[in-house]
């Protein structure tokens, strides 16, 4: 059976071709492996290398996608030696010196995932087949991340996931060619539970509303098991349709159940609407079992907080990164992003920026764009200075392990970006888990082998 | 028992949103015979009337506050709305907080104009075209409208809270003798329901008791004959389109505190409102309203945890399942007329 | 030839030539030129053209001939896809059984949905089909996750070991046709031009051509005539001794099978299924393809499908950086102005362009793209009035008032 | 025993007794007219014959077979064709196709899955269709779209569509309604010609007495849902009951 045959258009695009009507047919099959010069999909030739930024530009996550794209453009600028260098200066690895990646100038192509896996794969395939992209990154939902990651595995390019929080991405759907810097549902649960226990006590009755799809399931499971381990009781867990906009009929019965805490396993528009509805029902003014009623949102993002407005005040949740962090890396990133665009970056922007840098650095360290070499360079790689403290890219599942932020809606925001405040930085040790953890697909989950394509 | 009362209340509220949108859609269909896929967009534009008014009222000038710094460490620039300067901070803040109710006054002329322009500029040319063409052109228009809104306001939902006086909920259960905290109901939803009932009544009264309404109803039944009577039915139908746009727009304005508006909220409601209209029966105004409430209440019941436990996923499909059952047992929906849109 | 009239044979050969030469026709610009952005001759998009072309051809058999407007056709595409991928996961990686399974699954599901929905007509029928499709979508996304993979869908995994394929442990299977990988391509470089001939594309193209041929046969058969009779006057049809229900049901199932074929091909080309494939917007898309191209014409839906997919894939990838490249030769002020003018319509604004295009076409070309083609044709041969092509008959049949 | 036997048929719509106790026998190879004032139940009776309505009581038999509970297309397959008040044709199709469809129905039955057979190869059907078009002198219009025909031509086309199936019983619902005198006469001539050439039974519902008396061999007068008189045309003229029923409405 022949190997994958994503084209080597990058070769053509960047090399100077002889004019005239000279026909040079080439047939690609497994034998190309032997061609030591390339040996992998879209091996860059000439002075440039092309990256593919695949983000939602239409649909509900378009604003998040726009922020990711800003971060990518900034990262490319820094990699090519422009701007103030951002986190290049604080990154513990010093291979990135503003001369591009492996000495090649970085170019990029963009595409629209529409937050649909079909569209995302179409867009990614066009980047690989048409534009000769050597690495694909981006995305704002787990469905898209899993789909594009599987595609990159088949095509033999590296996938650096953008914002994807479901356990599955590096759990049961993990792939050798795919890497995730963002945290996941398990980590949210593990980080949140102690903070919740400290603030709300250990004898709470929780009511879950869960978005009825994979990410919702993993998040509910993670939060549920870690809060129950703290002594909380789960009164009920109700699944809500993804397409639901008015959550009143789900929220109204919460008080009847005798629960005193509502956990909203929702993201994006779902979360904005369910939280708005919950506040509207006056849940937070109520007293149940002699305790103040509380609401928890496991996964926060600043854009969601903005959409929910004043409703987020005082509500706990977790996040991957926040611009108010004061370590050198974060400060450098916020400074260069803020100077360029006029407002602070979101966590989606941060993870995308970091992923681009990590990829570039891995190529430099490996001295090759070959995906397998990059995989080798990233696996088990320890680094710091990128805003999350000391971080490990674990070899077993290609998941980054780092501190997790527990945040709370700010009572007195000074601007429309200043909506969350950091309550606690949960140390990495507390959110770690075994690679074959049952929530991660158990023992059956496997990375497979890296695929260089060609 | 409490759970059931609660879900009926929720259902009435959901139903009033459905009914309002479906009412406008049926008005346009019944009078003009046009399948308007841009009706959801009208709802969305209504909601963004509220957003726009909020933005206008909060137009600000910057004051530098040296005591605080922004995220880059520069002195913080604080936005002060002009209204605060004119009416004093307290009054100014109150005006901004009341922007949603105020937006009703703002939305009526805007939606009237939007409806008028749409009908005269585009829809008018499609009366005699096949329904397929009407769908394509109004769908194209809906996409253009929502993309324009997205270009101006972004894709993220925009919080538009109700005035503080109407936030929070009251204990309806305690009023009728149940234990406290069993049946709570938000003030704003009560207002929404009342408002919807008022608008629906007003539309019906208008059609029932005014000469204008009589002519329009006659036109709905038999356009050609009314045209033969020497009445300029077209002009009245244009007005009806504008009225339907206003109804959709007001439904949108009042909906903003319930769900933060975003550019695709029209599309979210579009399919649902078509289902409501068809279940009610094409061309039947009371049918549309009835179907709106029936589907709203059934949707609420299907979302009860006890129901989902028995039939998993029922909350995902209830509306469509009910639509199928109703259409199979009642060929023309709840109150449809024979021969309308059957070919 | 092929049991077709000369006119139809010409049309078929024309379409065959277009599809087979697509790698040349879609890549008219040299690789390094600024216009290369508009090249569409890469495997993924070419595959999508013919797959959605197949889908639209099938939809047109139902909508174009019988006038029944199904608003839930994407459900059959989705069911076909799920059927195909399960075949690949369980039985064999060869695409033929997968595609056949896709067609069968979609056909059966269409039979069920059609049997129930066809009890009503007009918009009531549309809403019934819509309801079925939305239910399929909602359930596939949520409670059917064990079968459908839910949000993240289904892909081939290292743990999948199809019965008839001997994969090395840990190897992820690849779709193939008797050993020919769907992804393998032959690349031809002529000067600055690069043309890609992809195995998967040609398999999909052959499927589409067969589908197109069958569709011509159906259009020209007594059966097709009956379907047009259904659209024209169902009452007379019944009083002529014909039972319209089996005709419409047959048309519904046939078009559902085309959708299943498209779904199976999608999986064969790109082994992945997600539930959004069944969302109502996907059903709406095929309606738009048919209307945009020209309802009831043979080639119209294919053109419509090509147009929408081209916009979606090419326009959305143009970003400001590319605009700056294009206009770099201009003075800075004008360059920025031009970029600012084009900015709302490209990249994230591709929906806006699409919406405007829908409106313009339906306003100025009521018969869709086919009518546009005819008007151009007419300019060239004004005098030749009787040269009514096959297609113009159908375009003309769209009477103004229904 | 007539070819069509209607016995004790009754039909009620809500509070209105549209038909009550209708007994009627149409003899083979005759032209039988049913007349009566507006609202007498003529159309309801016709609809009961073709399966559009199901009578509440009584029986309808055609050549000894009961028609009750059969669908319109099944009744047509038995050999009953119907001409409508306003011509019901396939307006979007060509004249030739309009005639070919009933040919197919006649040959292949109510449903035939012949999706891959070319219409072009059906030379028999085409010949038959062209023959009938020639009979009604419309052959030169065979490629016109039916919607563009004149009203008279549409009527002739509809007749041709019925006749091409060689029906044993042709039901005509006011075939000359709304026609100019010249067209009416043409239609009468056409019907006479059909009757002379073929073994066919016709039942006509008609307002225009000129048509009735030109064609009919038997006439049944229907009033308020019941047959009043059944007679030959000669005897119907001046019949007191008929005069009473019409109250001078018709020009008897």
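The chains carry the letters A, B, C and D, assigned in the order they are written, with residues numbered from 1 in each.
We take it that a residue touches a chain if its C-beta (ideal position, glycine included) is under 8 Å from a C-beta of that chain, and two chains touch if they have at least 3 such contacts.
Not measured: the values here are computed from a predicted model.
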item	value
Neighbouring chains shared between chain B and chain D, ordered by label	C
Comparison of A-B and A-C by number of C-beta pairs in contact, larger one	A-C
Chain with minimal offset from the mean of all protein Cα atoms	C
Most distant chain from chain D by Cα centroid	A
Chain A and chain B: spacing of chain centres that average the CA atoms, whole Å	35
Chain A and chain C: spacing of chain centres that average the CA atoms, whole Å	33
Between chain A and chain D, centroid-to-centroid distance (C-alpha), Å	74
Centroid spacing, where centroids are CA-atom means, of chain C and chain D in whole angstrom	46
Contacts with 2+ other chains: residues of chain A	58, 62, 66, 212, 239, 241, 243
Contacts with 2+ other chains: residues of chain D	none
Interface hub residues of chain C, defined as touching at least two other chains	138, 141-143, 351, 399
Complete list of chain pairs which touch one another	A-B, A-C, B-C, C-D
Footprint of chain C on chain B - complex, ascending	35, 122, 125, 128-133, 135-137, 139-144, 147-148, 151, 267, 271, 274-275, 278-279, 282, 312-313, 316-317, 320-321, 323-324, 327-328, 331-333, 341-343
Contact footprint of chain B on chain C as seen in their complex	67, 69, 116, 119-124, 127-128, 130-132, 134-135, 138-139, 141-144, 234, 280-281, 284, 287-288, 291-292, 295, 344, 349, 351-352, 354-359, 361-363, 366, 398-402
In the complex, chain D residues that touch chain C	50, 71-73, 76-77, 81-82, 88-93, 97, 100-102, 104-106, 108-122, 125, 145, 147, 161, 165
Chain C-touching residues of chain A, taken from the complex the two chains share	1-9, 12-13, 17-29, 57-58, 62, 65-66, 108-112, 116-119, 121-123, 125-127, 129-130, 141-143, 146-147, 150-151, 153-154, 166, 168, 173, 212-215, 217, 239, 241-243, 444, 446, 448-449, 451
Residues of chain B touching chain A in the complex	2-3, 6-7, 9-11, 13-14, 17, 68, 70-72, 76, 78, 150, 154-159, 161-162, 167-169, 181-182, 184-186, 188-189, 257-260, 262, 264-265, 268, 299-300, 303-305, 308, 313, 315-316
